[in-house]
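Two complexes are shown next, each including chain A; its partner changes from chain B in the first to chain C in the second.
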Partner chain A sequence: MIRLERASLRYGDILGLSPTSFELPEGGGITGLLGPNGAGKSSLIQLLAGLLPPSGGEVNIFGEAPFRNPNVLVRIGLVPEGDRFPVGLNGTRWLRMMGELSGLSGSELDAAIQRSLLAVGMETRAQLGFSSMSKGMRQRIRMAQALLHEPDLLILDEPFNGMDPEARLNLMDLMRELSSAGKRIIVSSHILGEVAQLTERILLLFRGRLLAEGSVPEIRELLDRHPIELRVASEDVRQVARWAVEQGELVALRMDEGAAILAVRNPRDFLPKLQDAIAAGQLPLRALDPLDLNLDAVFQYLTKDNA
Partner chain B sequence: MPIYAPSLPPRPELSEGSHPIAVLAKFDLRRVVKRKVGFFIFGFIFLAILLVELIVLYGKYLINTSPGLGGLKEFANRIMTQGADYQAGLIDWWMLVPLWFMMAFMVGGIISRDSLYRIRPLIYAHPVRPQDYITAKALSAFIIPMAVMLPFVLLPWGFSLAMAGKAGPIWISAPLYLLPAAIIIGLLMAAVTLGASAMAGSPRASFGWVLGIVLGTSAIGGIFAGALQSKQWMAMSPYALVQAWPQLIFNVSDPLLKWAPTLAGTVLHIAFWTWIAVKRTKPSEAVL
Partner chain C sequence: MSTRAIPSPIQTMQAVARGYLPRIFQVRGWVLAAIPVVPVLLSLALTALLRVQGEHIPPALYLTAFHGVLAKFMLPIMALVAAPAGIREDIEQRTIPLMLARPSTIWMLPFGKGLLWYGWGAIWLVVACAGLLGLGSSPEGFLYQATAMVFAYWAILAFMSLLGLVFKRGTLWGALYLFIWDPLVRIFPGNLQRITFVHYIESIAGTRSSDVAASQLLAQEQITTPVGLAILILVVFGLVCWALCGWKLQATALGLAGSESEG
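Let's turn to the complex of A and B:
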């Protein structure tokens, strides 16, 4: 469905995106596009949304190059970053123009506007001028605009900016439902927590390079340089420590309040051993907590390694 | 407010719906017309000018047809000529100056507003080609001055025909000659406004750019014309060019500019400002 093969993007002498390759399969799913500001997220979105041609390599969406390709563009819904709308315009008028640009007209357009407004919970307030709307309401209108023509691929650039917590949760629910209905959604964000709540599937960009692609555990496993840290809480921490130092996978050990923190390599080998030891009653375990299997840790390791 | 899973209609076929040029132009024209302050100010100015034109025509008609006013005939013929000068004067500085202001104030934001609110990336993310975008903008920027000039071409002519038929004070040549002049003026004004708007970052800045281009080139043209003792250098100025076209087409006795500099200046201005507008609205300029 989406395939990039050494696709790069230059703005004159500035390299926005280094040659990048990845593939996202057919069918629904949410992919997080992660990276700090200036990582190349917007460059990648511009290639995916067909706004710019790649400076090198190939971009294929639904089997075709998206740049200036109406066959592809009509299947993409884009929610760009930012909160700027023309003064003196209301939501309905805006959606009408965007719908017409997607090829909708007449009663079909009216029905599409009503349904997409209903989908984002704005059916009674779309007549308001943009200047009278809250940030969250404007963001919903942006979302409604992207849904108007029922795209197969939704590209959302920082969609949660300016939304209150309730609106964020609602938008996340909507994205999950769209995803389970077969839509492919790419969500760009520089806030890890947002993406972590939505999906484990990520594309991690840093300084114009794609550092990693896959699920968080998959990527974490590839980070051999950084042993995984496990916090083992136990009534007898010394016993846990004694058992751990006998294991070949242990790299470092430190003691915490009521717990031992084990840094281990090859967790696939280590964890079954730990499980067996617990089952055999050798370790009085109270809790096991992986400290750096989350998105924040993966992001930190990857960006530090590539800084 | 809860958000529901959408149930949307099938995706439209590409051939359905309006052409993107029509959609964008309709949107822009609607926006210009809805600018109430501008519409009121300029509508009032142009209506007042048009009213004066029609009163002058009616006065001329009365003088020619009423025996009691026979004594005024010679005087009237002298101050209200009905030949080429009079007809060319239907589109002259008193109408073109407010028209330039109107273009700067009401049309100047036609591209810069999209730049300010970052609308272009979103437009290009739809099946809209850059040439569709710029054509739509050019069409809107052309239609607006034409909508102002057309009444000045057609109403005095129609009014005179209604009063006196072919023997009236305005000849059949008025619409035939003034329409091409109006079209060229419309194209030139649209090109300058588009170029200025494409360079500006906001509608307010566009206003300055349009007037800056018109006044700046007039000043430079004036300096050259004075220094080189030839008023043909005024062809550097779009303001002089739009004034010159009706005079040339009606072949008035002492036109502001000659044919060659007028033609060259017009072509160069239209080409240059259109090039600027195209260059500044290509997708690479529409970054997210």
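Let's turn to the complex of A and C:
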């Protein structure tokens, strides 16, 4: 259904995406595109959505190249990142135009607009002009336009940006619903937790190349190999240090003012042990702060690891 | 699997024109309407005032208003105001990727949006020409003047839209063409006059205004193109420009830009 064969994308001299190959099967499911800013997620999305042709290699969606190909584009819905809308139009007017540009008309178009607005919870506010809408509302309208023509492949670039928690949960529910109805969804994010709530399959991108591909547990396992740093503040730092060196997950230890900085692998194994030790009164803990849990640090580590 | 129909070129054109219809009733649309109408209204008000005061009104005032104001300044300004509101606006606003990701006929998008601004501008050009009747123009003169304006606007708007798609500073190049090259028609010898819009406007609408006197140092003899042929040339030129706009958009890979493509 989706096949990339050494597909790459260049912006002049800048390589947006290194030659990348992967395949996603026919049928429903959610695939997460995970990577920090500048990883190549949007480059990949632009190739998949047919906005740009590959600079090298091949992109095949439903058996055909998507760039300027109406037969493919009619089966794709795109929600790009960014808060861009045509000035001077309101939601309904714009959706109507987008629907017509997707081949809908008459009562079928009216029904599609109603259905899409209902799905994103905007059925009573779509008449507002874009300038009068909140960022979250505009994001929902953007989502609605992608659903209008009931695409088989839905591509969402950072769809949760600007959404309040409730809207975020609703969107996740909607995506699960669409996935179980047989739609293939590709969703990009730089937040692992967000993607992990949604998907069984992740593509990990970093600095324009596909770093890893697999299920969430597989990726988690890969990420677990990255030692995270924890700052454990305590009245008795030496006791914390003594306890820590007995743990198999400890990779490095250094002392700071009133705290021990622990570098540990497999934090999901280590943290329950730490919790138990505190509960048993073995460690007089004052505070616990993770120092480098951001995704960039993990990706930096993985890149070095892969090299 | 979707079995959705792919929109035809005509459906694409209709969708874009309908979708952007509210835009012509907003500030830019009313500015566009005011450009040809306000000078004519002011002229009418001024002549009415002069008549009340018993002053002599030159009988060919409408010719000066048409050739010296409407054709020379207002028409090019209208094209320069309307063209950036066409598909160029979607490129600058970065809303174009959402249209390009649709299964529509991409080459029809510039024409669909341009048609809207063409239609709106043409209406007000006709209104402005009708106003010239109050300045002494005849019904027959009105017919030719309105025809000249409507077809010249078609060609000029298409040309400006093309410049806007080809060049980053298309409006600037357009302004240079319209305000520097076109007026040179007065000193262009023979067939060189045929590569100006003014030539076709004057061929359709009749005599030049009185501001072009034979005494001008470099003035050349005016050549004319038969009315029917002049109209045909403007129509064909406009169509060619719209086709080139469509080709340019179809052939140019326009992706997300700025922060949207950082990831």
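FYI, the second predicted complex is superposed on the first by the 219 of 307 C-alpha atoms of A that agree within 3 Å, B and C clash if a C-alpha of one lies under 4 Å from a C-alpha of the other, contacts with A are read in each partner's own complex, and residues count from 1 in each chain.
Keep in mind that, in the parts below, contacts are C-beta pairs under 8 Å (C-beta built on N, C-alpha and C of every residue); 3 or more make two chains touch, one makes a residue touch a chain.
All figures in this text were calculated on a predicted structure; none of them were measured in a lab.
In the three-chain model built by superposing on chain A, chain B clashes with chain C. Contacts of A:112 after superposition: chain B is touched, whereas chain C is not reached.
In the superposition on chain A, A:147 makes contact with chain B only, not with chain C.
Of the two partner chains, both chain B and chain C are touched by A:98. After overlaying the two complexes on the shared chain, residue contacts for A:37 are found with chain C alone; chain B is out of touch. Residue contacts after overlaying the shared chain place A:84 against chain B and chain C alike. In the superposed model, A:171 makes contact with chain B only, not with chain C. Contacts of A:272 after superposition: neither chain B nor chain C is touched. In the superposition on chain A, A:190 makes contact with chain C only, while chain B stays out of contact range. Looking at chain A, you'll find residues 42, 45-46, 49-52, 67-68, 70-71, 73-76, 78, 80-82, 84-86, 88-89, 97-98, 100-105, 145, 149-151, 157 touch chain B in one structure and chain C in the other. In the complex of the two chains, the chain A residues touching chain C come out as 16, 35, 37-43, 45-46, 49-53, 67-68, 70-71, 73-76, 78, 80-82, 84-90, 93-94, 96-98, 100-105, 145, 149-152, 157-158, 188, 190. Of all residues in chain B, only 1-18, 20, 23-24, 27, 31, 34, 113, 116-119, 121-129, 283-284, 286-288 touch chain A in the complex they form. Touching chain B in their complex are the following residues of chain A: 11, 42, 45-46, 49-52, 67-68, 70-71, 73-76, 78, 80-82, 84-86, 88-89, 97-98, 100-105, 108-109, 111-112, 115-116, 118-122, 140, 145, 147-151, 157, 170-171, 173-174, 177-178, 181. Listing the residues of chain C that touch chain A in their complex gives 1-2, 4-7, 11-12, 14-16, 18-20, 22-23, 26, 89-90, 93-95, 97-106, 250, 253-256, 258-263.
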